Amino acid sequence: MTISDPSSATRSSGCVVVKGLIKQFGRFAALRGVTAEFAAGKFYAILGDNGAGKTTLLRTLAGLSSPTSGEVSILGASPRAACRDIGYMAHPSLLYDEMSGLENLRYFARLYGIAGDQRCEQVIRAVGLDPKLARPVGQYSQGMRQRMSLARAILHDPQILLLDEPFSNVDMHSAREMVALLKSMREAGKTIFLVTHQASLLAGAADEFVWMELGKIVDRTRSIPPDFPAERAQ
Amino acid sequence: MTISDPSSATRSSGCVVVKGLIKQFGRFAALRGVTAEFAAGKFYAILGDNGAGKTTLLRTLAGLSSPTSGEVSILGASPRAACRDIGYMAHPSLLYDEMSGLENLRYFARLYGIAGDQRCEQVIRAVGLDPKLARPVGQYSQGMRQRMSLARAILHDPQILLLDEPFSNVDMHSAREMVALLKSMREAGKTIFLVTHQASLLAGAADEFVWMELGKIVDRTRSIPPDFPAERAQ
Amino acid sequence: MNSLWSITLATLAKDIRLEWRSKDALNAMLFFSLLVVVIFSFSFDPLAEESRHIVGGLIWVAFLFAAVVALNQTWARELRNQVLDAYRISPAPANALFLAKAMGNFIFVGLLEALMTPLFIVFYNLRALGPAWQLIPVAVLGTWALVVNGTFFAAMSVRTRSRELMLPLLLFPISIPAVLGMVQATTAILTGEESARFWIVLLLTYDVVFTTACLALFGAILHAE
Amino acid sequence: MNSLWSITLATLAKDIRLEWRSKDALNAMLFFSLLVVVIFSFSFDPLAEESRHIVGGLIWVAFLFAAVVALNQTWARELRNQVLDAYRISPAPANALFLAKAMGNFIFVGLLEALMTPLFIVFYNLRALGPAWQLIPVAVLGTWALVVNGTFFAAMSVRTRSRELMLPLLLFPISIPAVLGMVQATTAILTGEESARFWIVLLLTYDVVFTTACLALFGAILHAE
Amino acid sequence: MKRAFPILAVLTVVFVAYGFYLGLFVAPTERTMGEVQRIFYFHAPSGWTAFWLFFVNLIASVVYLIRRNLKADALAVAAAEVGVVFCTVVLVTGPLWARPVWGIWWTWDLRLTSTLVLWLIYVSYLMLRRFSGSAQTPVLAAVLAIFGALDVPLVYFSIWFFRTQHPQPVIGNGGSLDPSMRPAFWTNVAAFSCYGALLCWARYRVELMHRNVEEAYALESLLDEGSSSGADTRPAYRGSPQ
């Protein structure tokens, strides 16, 4: 039903295309006309001040929020139709606190029609956790929880990863490890969108930095400006 | 009833003293014997991985959490007795979302027996907001909310400030402004404890970096190790 | 269709497992129901002659309040950490989630009723003068009537401010025919004065109509932002 | 003492102002109470002869359910953003907070009762056969009995998982004497068959005992971690 | 089309005034009930108006769910609100009439009870609209409207079996309405229908305007780059590193 063949995804030029995206919350417009094209297989870091609309953009790409006007196309389809190609990691964990990591993934695997524990265990190992860990996710430390949340997002091997502040409240150590993991996924041909306030963490990893401001993409740069953040803070 | 005279506070050598602090949550010990002495008028940055016990330590100092064993003395008294000398800023805002900033502070001023709007307006201006702003706090941006939360913490002009991750989810711009404000408060003789994961923000500001790990203070340094965070992350 | 049932069962199994693991909600609900029965017997003298006439109402009002408390918890687990969002972006059909939740609630509320009914019988010295077996279809149809709409409206009310309050506000007006049916059928059976046939048919119609409506419209509710 | 009252009034004023500003909760509660009355009249035939004997119970059970829903919201505002922590580290006395909340709830539940009572009178065609003025002390004492313990137990139950469920579990058992007093006093007045004197004295005693207990122990609850 | 609204307004004024005159001064006084029976001319037409307004609400809700047309949603709100007003009029005039003729304010009869339930359903509809967050309100409300509409026949049958005391329909075949009362009655039916349509239309237009205002605010925030956000104002970052 959707283009789930990775080769075709990488071939298409604009893997994620948004046109004139506007999202209104009552009187307030969180997205004010976002038009952009993103290529497959790249690592995009989305940066911007609080309230710039980063989360709203990511939720719209994931199909969780429908835009007031404008269009989103993911691999040529609507976000809902392309849901098997999208992995989304939100600020909350999207995991059941009362179940262990493996049990969580097992349930989500059913939703995607993935049979067997093999894939679940493989993913848990990929994010650097132990699939045997019986503790419920609610008792994980913040860093472990974020990793498990990432595991849930990549469980069905999506082409496109949307990550919303995966490093917030995470210590430097865990954050660096997650960056390394993401880097390796990018090598494997995935397209990654990552929202963060800690741009310096992505210095060597991201292909492009997308700057948002007041609901618009104001700039796209290949690297962090050398004067960041001092410059932006004046 | 408590030592609220700033001069006497600055005179005492150990303004905050903790001895053998242990805090257990069920089977898990969040604090595992913290013993330390902190001088008045200094700016302490508390650093450490997730789950190191930073929040627990701060809540214990504020008197919100009572230790399983060990002692806390704030200006020679118990945290509860010294409550007029303690300003606490938690991760949640501790403000009513439905009221404006000024209305919030007016109510908290009543709790501390402070009469009149003067002090409230002064504090709001001090954190760089407009006391006339009629919007309820729930509609503030994250950065504004953190500032207002700081305003609440310093409303009664406490000698000791306990700040838990004031910069989390705050953009660089707001974060730098808050650091500048804290610096000026330190000049005015306040003692500041600040928990953060973004140590680099405090490079020029903090007098001492207190490193926590697994419920213990493992190190106290005058500056951030030059190889941070790469070094600690290995 | 296949995936609908497989996901329904997976979700139901997960809910039952989690409920069983903590048993908190279950114990609390049982205790709550017991308390309701006790408060009722303090408020409505169980020895009075007329009690046979009012006990149909008592039982179902007690079940209704207990059910509302239980139904309000339906989506609590899915909202914590916004797990519901994970469901929404998955390819799983919306109705699988609805059916699983409704079936879970049916089991839960049915269990409550099975445990409260003996209490009522003991406290109020009940004995049916009509055909007692008819109480079973009345209980099953009545419970499903409460639960199917309750699950649906709970999904709506979690989208609103003051969630807990919203569920009864939506559920009670729509449930009035069902409540009337349950109470009248039960009273008819207990007193043996008239036939409960009409009320059972009414309950059946109610169940069919609203189950269809819920299944047709749940997708719209789930994916409404 | 001075600061106790000044802070009590400041807190009460703040709560009333916020409640008034949105009025949503108020409207929702009023509608909920109306629904409870309607559901009750569908379940307990108001035309039946025996209704005068059970209506005392009906009224108070309806009030009890409405009150539990209202009481559950008591601390909601203080828990959002953990504002309660800000109160706990301030030098303000714990009892000021308790008194303000209890008084706020008394006003709120009293308002509900004042609006539900006429509905009961109309729907059940009520007319007191005993001394009707006695209903006023019964209502005031009964409401305070519900509210003072309700506020206290709401403060306890917000610390637990499944909060909404916890309040009735704590409140109902303790309230049984009060419920009995209210129901019996009301029935006595409505039927005019006996004097309500004893039950009013019981309610008064209950109120004095539990108000004292709440004031003595609230500090411990508030500062329990 | 532009003139339809003022024409309707004039028509309403004429009908209401004439119906008022006929109902209170021309129609004969009823033999057993006396003057209080004149409530009838306002009571039954309000009921009918409420019913067709609720029907409009249902149609608009279905259209909204299919087309996702926000105008349909605006019409649904308007019809529900005005319908609740007319339904309230029935629920107030009914007991006022019942008290002198039946000796009680209220009884659990089919017509009374089903009207009350109808009122409850649509009040809960308005409650839901008030309490839900802006973006999803139309969907949730439209769904509830459909549930309410499905419920009405069930309510009717359940209470029909329960008991009946209210006068049976007096209009239509075998109706018992006295011919001398007909002009007053039918004029008032026309008057209340026009009045209901007028109110609903006005409310619909206000609702559309309200939404346009919201739109304009959002648009304004699109244009002036958020200078309203107080401390958040700061020079915008523009320069990419050279």
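Each chain carries a letter (A, B, C, D and E) given by its place in the written order, and its residues are counted from 1.
In this section, a contact is a pair of C-beta atoms (placed from the backbone, for glycine too) under 8 Å apart; a residue touches a chain by one contact, two chains touch by 3 or more.
Quantities reported herein were computed from a predicted structural model and do not represent experimental measurements.
The set of chains in contact with subunit A as well as subunit C comprises E. Ranking every chain by how far its Cα centroid lies from the centroid of subunit C, the top place goes to B. Of all chain pairs, the one linked by the largest number of contacting C-beta pairs is C-D. With chains reduced to the mean position of their C-alpha atoms, the one farthest from subunit D is A.
Homomeric contact subunit C/subunit D: same residue numbering on both sides for over half of the interface positions. Subunit B and subunit E have Cα centroids lying 56 Å from one another.
A separation of 49 Å divides the Cα centre of subunit A from that of subunit D.
Centroids built from CA atoms put subunit D at 27 Å from subunit C. Multi-chain contact residues, meaning those touching two or more other chains, occur in subunit A at positions 49-51, 232.
For subunit E, the set of residues that touch two or more other chains comprises 117, 120, 123-124, 127, 131, 135, 229, 232. Along subunit D, residues 24, 28, 31, 35, 38, 45 each make contact with two or more other chains.
Those residues of subunit C whose C-beta lies close enough to touch subunit D in the complex are 24-25, 28-29, 31-32, 35-36, 38-40, 42-45, 48, 50, 53-54, 56-58, 60-61, 64-65, 69, 72-73, 161-162, 164-166, 168-169, 172-173, 176, 179-180, 183.
Note for the complex: subunit E touches subunit C at residues 65, 117, 120-121, 123-124, 127-128, 131-133, 135-136, 139-140, 143-144, 146-148, 150-151, 154-155, 157-159, 161-162. Residues of subunit A that touch subunit E in their complex: 22, 24-29, 32-33, 49-51, 211, 213-215, 218-219, 221, 223, 225-227, 231-232, 234.
Listing the residues of subunit E that touch subunit D in their complex gives 95, 104-108, 116-117, 120, 123-124, 127, 130-131. If you check the complex, the residues on subunit A that touch subunit C are 62-66, 80, 83-84, 86, 88, 90, 92-99, 107-108, 110-113, 152.
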